[in-house]
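Just below is one structure, and these are the notes that go with it.
To keep things simple, chains are lettered A, B, C and D as they appear, and every chain counts its residues starting from 1.
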Amino acid sequence: MFDKIFPYLLAGVSVGGQYALIAVGYTMVYGILRLINFAHGDIFTAAGFFMVYISATMPLYLAIPLVTVLTVALGFTVERVAYKPLRTAPRMSIMISAIGVSYLLQNLMWYITGGLAKQYPVLPWISDSITLGSASTKVVTIVTPILTIVLVTALVMLIQRTKIGMAMRAVSKDFETAELMGIKINSVISTTFIIGSFLAAVGSMLYFTNYTTVTPTIGAMPGLKAFVAAVFGGIGSIPGAVVGAFIIGIAENLIRAMGYTTFSDAFTFALLILILLVKPTGLFGEKTSEKV
Amino acid sequence: MKKNTKTIVNLVLLALLFLAVWVIERTSSASSMLITVLKKGAIYALIAVSMNLLNGFTGLFSLGQAGFMLVGAYTYAVLTIPVAKRVAVYQMYAGGAIHFQLPWLVGILLAGAVAALFAALIGYPVLRLKSDYLAIATLGFAEIIRAIIQYEKLGPITNGSLLLKTYPTFKSTLFPFAAAAICIGIIVLLINSTYGRAFKAIRDDEIAAEAMGINLFRHKQMAFIISSFFAGVGGALLAMYQGTLQANAFKAAMTYEILLIVVIGGMGSVTGSVLASFLFIACSEWWLRFLDAEQFIGSFQVPLLRSGFRMVVFSVVIMIVVLFFRRGIMGDKEFDVEGISKWCRRKFGKGGAKA
Amino acid sequence: MSENVLHVENITMQFGGVVAINNLSMDINKGEIVALIGPNGAGKTTAFNCVTGVYEPTNGLVSFNGEVIVRNHPSGKMKKLYAGQNADKYPEKPVSHTPDQITRRGIARTFQNIRLFKSQSVFNNVLIATHLRRTSNVFTATFRLNAREEKRMREETLELLKIVGLDGLKDELATSLPYGQQRRLEIVRALATKPKLLLLDEPAAGMNPQETDELGQFICQIKDRFDLTVFLIEHHMNLVMDISDRIYVIDFGKQIAEGTPAEVQNNPAVIAAYLGVDESEEKEAGA
Amino acid sequence: MKKVLAIVLAMMLVLCSAAMAETVKIGVFEPASGDNGAGGKQEVLGIEYANSLTPTVEIGGTTYDVELVVVDNQSQTDKAVSAAQTLASEGVSIVLGSYGSGVSMAGGDVFAEHQIPAIGCSCTNPSVTLLCDYYWRVCFLDPFQGTVMANFAKEEKGATKAYVLTQLGDDYSTGLGFYFQQAFEALGGEVVAETFNEGNSDFTAFVTKAMNEGCDFMFAPSSTTSASLIIDQAASANVTFPVTAGDTWESSVILDAAKGKNLEVYCSTFFDEKDESSTVAAEFVSGFKGWLNANPDKMTNNGGNDIVAAVSALGFDAYNVAIEALKAAGSTDSQAVAEALPAVTLDGVTGSISFDENGDAKKDMAYIKQANNETGAFDFIKTQSVADLG
């Protein structure tokens, strides 16, 4: 029995780790701006395409850092161009802007690639096959959860121990007061987007090594699922997002194991609605109430 | 101007619009792009207005529109496919489980009703959620509905994930215009009724509205159900327009498109949504099509033009509207006699202010 | 002895570990104007919110015209955390209503930070409040089968606007009015719900002395005209002393005095609270 | 005087150009983007090549230039409706395409409304022609293709339990999977059927399922986009049974995915470039390869090599059928062409073509090929016809 379930668990842990890296970006941005950054999934996709094109012209040891830098630059630009001008606008406007950016990025990628699927380059070592007990898989499957935990631990340390981390916590607690206290809101927000995009870039390398085809809309689904993971764990909470992502990754693969593949995506949303109704603040979220 | 006169003038304007459509249909060939734009634009106008009722007038950020359209479209198609054609349509499900055909009008009304029923069920839990949580929950519900419709065990009814076709469609451009006009007319009447005022109060300030005795949940649910009813009708009309129907097309991207139409037209403006729908459809189906084809001026190939460029230009324009013209074409104003006369007064001096 | 309108009994409101209102009891009789005063952060608005259904108090009871509209006792997590008194006094099934249900029973309110419907005209702001007493349903309203009622609502609205002298500005955007008129508009809007008890949260905030005087007269005038009972929070002491029949003073969520304006003015506890004499006592009270 | 001269000259010019540049428009309704973009482009290549050989057609005594109007239906049924309307508004006399059955069915409705005949090149779902009076096609149908692959599984591979994986919302994929299942079960085999959602990229669960269930054959008709993921992940999981599909897999995308992997990949298709039994076909293959090599951008659209895809051959045949139909109609009026089309016959590259009462070509031959893991090319395995199946 376990032999049959094990490969699913393995796939679940691996995809969960990749969702986690995206989910952290969502949860940090939401924590600070109260914005669902719909474009985050597309930044993840863009990282995939950067790699496809860049690795065609230069060796991987140059391509990997360059891809990371470009992805971070993209995330940074999106924030500056599409979200910063709307900082005082109603929340609905900025969310619409996020949807607009997502639409733009998808169409841009469609245009550049001609709408055709691109083959992701083979990254050495992590693309190799290995056999674990009853399952054969790629090395990346094992690497992903480990790397995810290392990166997220580093991030939590950054937020707990450094000055910029303290500023981030302050801004997410109370935007206006933090601003009055002389915290440079814009640089804090930019840092948030930079960290989020960096993790998305790493996530995309792991994800596309596993699933080697890149299409313009491929990031939409993992993006939404990562967001659900963030809500599930309690939006604004980084450990919450990671736990949520692993739960969703594993649950989704178990659903497939049971043969309800039609519902593997729908399940994620059902879980989201359930958690919103039962515990709207998620597993690790904090309660806030509106002042009258 | 007195209220009655205004209504009459507005009705006359509407009648002129219908006359114009009729003349266009008579004079241009049936395959002209103009006809296509008019048909699809009218249907999108209805859908956009129904979404505006929620997002613009009631202040509920719902992203479930595509889901309700899907329900409406499927209800219509499933119930109106001729019995004789069912064997061919449900090729994998031995002709399906339904062995009757309803008249198209009943089909359309049921499309709205079933969508409204779904909205009532879904609204019960999700309308208690606030702003972006509501958005993501409704988006999720739309995805769940799509998964259910594609579920192969429901194949005898929905044909699983496969195409539905051969249900009754329309030929005349006047049909979608008339249907959209009636539905939008009802929505306008609702918006200007005491219930519509309550919706706007909720949008402006939930806490004050509640303190004024407006039952938030009931009114939100009302707006949600009514909006979904018309989204369902819109879905049925869209199915009729397309001639074939597949659940796969009703994705989140479709909701986003409609949302962008509403934003371009102006949140809280019915006529804005209508104008924006026609503009949006005209650009995407017709005026900007040339951007997708390689063009030559002499032997010089115009750079950048190839498949997909249209959508890039289009999304850039949308971003410009979202960022710099946040109130859209109309803001929350209306393009009617009153709106025009107010605008004229503002534009052309204060002399007529008392008129 | 006139009849009781609002009865507040042992209300405690605790947010997490913070006790915002501590065992507060108040009674307001028909036809009275009662003021609730206290230093900033004393819990006055919180008390209003407990009465109008915005908050659900942790413990205590509120009744309106003899009907229990709020009743609660600490439960769940709060059971352990609860720092107030009388935890076992209301073991019955909790009663709670949403703000609209309470408004329907006849309690209307205004807000400390003005909450008008910003996109709507002055006229519509008041008209919206008449929606509560409708008899039409969404179908009859949409298809204009309620023309008579609609006409009545509009007439009532105009009538109310005339009383405050805003009928000339009825088509202006509500938020374009000067501050003082916005306050008045909020009061008229509350009146349109046909209340028996009117709660005013700092109606004179930001007004100059002359405007404040006018407001005092206005409050008395509408009280008589609409047969109201008025309960107000106010910082302008002149206004409070002028128009109130009785005054409740609270500090750190606790009642520290009650009585006629003259009695309250000379109460040492009140003076201490406003001038802040004994710090150690305050800390005890606030813990 | 000068003015009169100018006017006369201008009029002559107009008349001349009108006489010389009589054009007839043929619509090309194909995906250039989306899941089936790669296949659609190859089909267009066949049509373009045919157009380069036969750029004019004589209709009712006048020589017409043939103008191809190419639209992209983006592999999506809702976009297909718009694309079809664009063709209708351009006033095309006949339409060719599409790759993918779903889009063809969606477009068919528009063509029927405007009474424009359409010739499907490689859309194999029966409903395409069955439910549309204006659709014809030059390829075989899924029930036949499914039967062929079921026989192959049973007879050649000795399979007893097959795993069928299809894409939700893709009429081609679901239909072909269904017919394979029917045929395989009729042969006494057992089937485990599953579906995946559009845009899915994690196929490990499906592959695992197939292995856990003890399947010894996998049939996964799908777009090439999903196919390369399936092949990649099946290879990673050390799958030992053959992974197979229908005609869509005959593509360089599959060859790239299978290259260097330890996996048996098979597909059935309409045509084999190495089959030299027909002179028409041999001529086409050499001509087409030459044309590709002469046009670098065409070569890119073919996937960067000069392997002749079956869909290109079908596109070639469809174009020639359209030309014959225009000749037979003696008019560029689409309705007239639609009336003439059923009687058209052609000795085509993919065999002789004549239509039955549904508008389907009477084709009875399928080719089975294997992707070579070393050379990155297709190896011809066998042909199978209806007669063989008994």
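Keep this in mind: a residue touches a chain if its C-beta (ideal position, glycine included) is under 8 Å from a C-beta of that chain, and two chains touch if they have at least 3 such contacts.
Here the structure is a predicted model, which means the values were calculated and not measured.
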For chain C and chain D, the contact-path distance works out to 2
Taking CA centroids for every chain, report which one is farthest away from chain C.
D
Using mean CA coordinates as chain centres, what's the gap between chain B and chain D in Å?
35
From the mean C-alpha coordinate of chain A to that of chain D, what's the distance rounded to whole Å?
38
Rounded Å distance between chain B and chain C, as computed from the means of their C-alpha atoms:
43
Counting only Cα atoms for the centres, state how far chain A is from chain C in Å.
47
What are the residues of chain B that contact at least two other chains?
147, 150, 152, 207, 307-308
Per-residue overlap in chain D, given as positions that touch at least 2 other chains:
32-33, 72, 168, 195, 197
Junction residues of chain C, two or more chains touched
54, 111
Given the complex with chain A, which residues does chain D contribute to the contact?
32-35, 37-38, 72, 74, 168, 194-197, 199-206, 208-209, 211-212, 224-225, 228-229, 232-233, 235-238, 253, 256-257
Per the touch rule above, chain A residues touching chain B in the complex are 34-36, 81-82, 85-86, 89, 91-93, 95-97, 99-104, 107-108, 110-112, 114-115, 220, 224, 227-228, 231, 262-263, 265-266, 268-270, 272-273, 276-277, 280, 290, 292
For chain C, which residues count as touching chain B in their complex?
52, 54, 98-101, 103-104, 108-109, 111, 115-120, 124, 127-132, 134, 136, 138, 141-144, 146, 150, 153, 189-190, 192-193
Help me check something: in the complex, which residues belonging to chain B touch chain C?
186, 189-190, 193-195, 197-198, 200-201, 203-205, 207-216, 222, 226, 268, 332
Contacts from chain D onto chain B in the complex sit at residues 32-33, 72, 76-78, 81-82, 85-86, 88-89, 91, 102, 105-106, 108-110, 113-114, 126-127, 130-131, 168-171, 174-175, 178, 195, 197-198
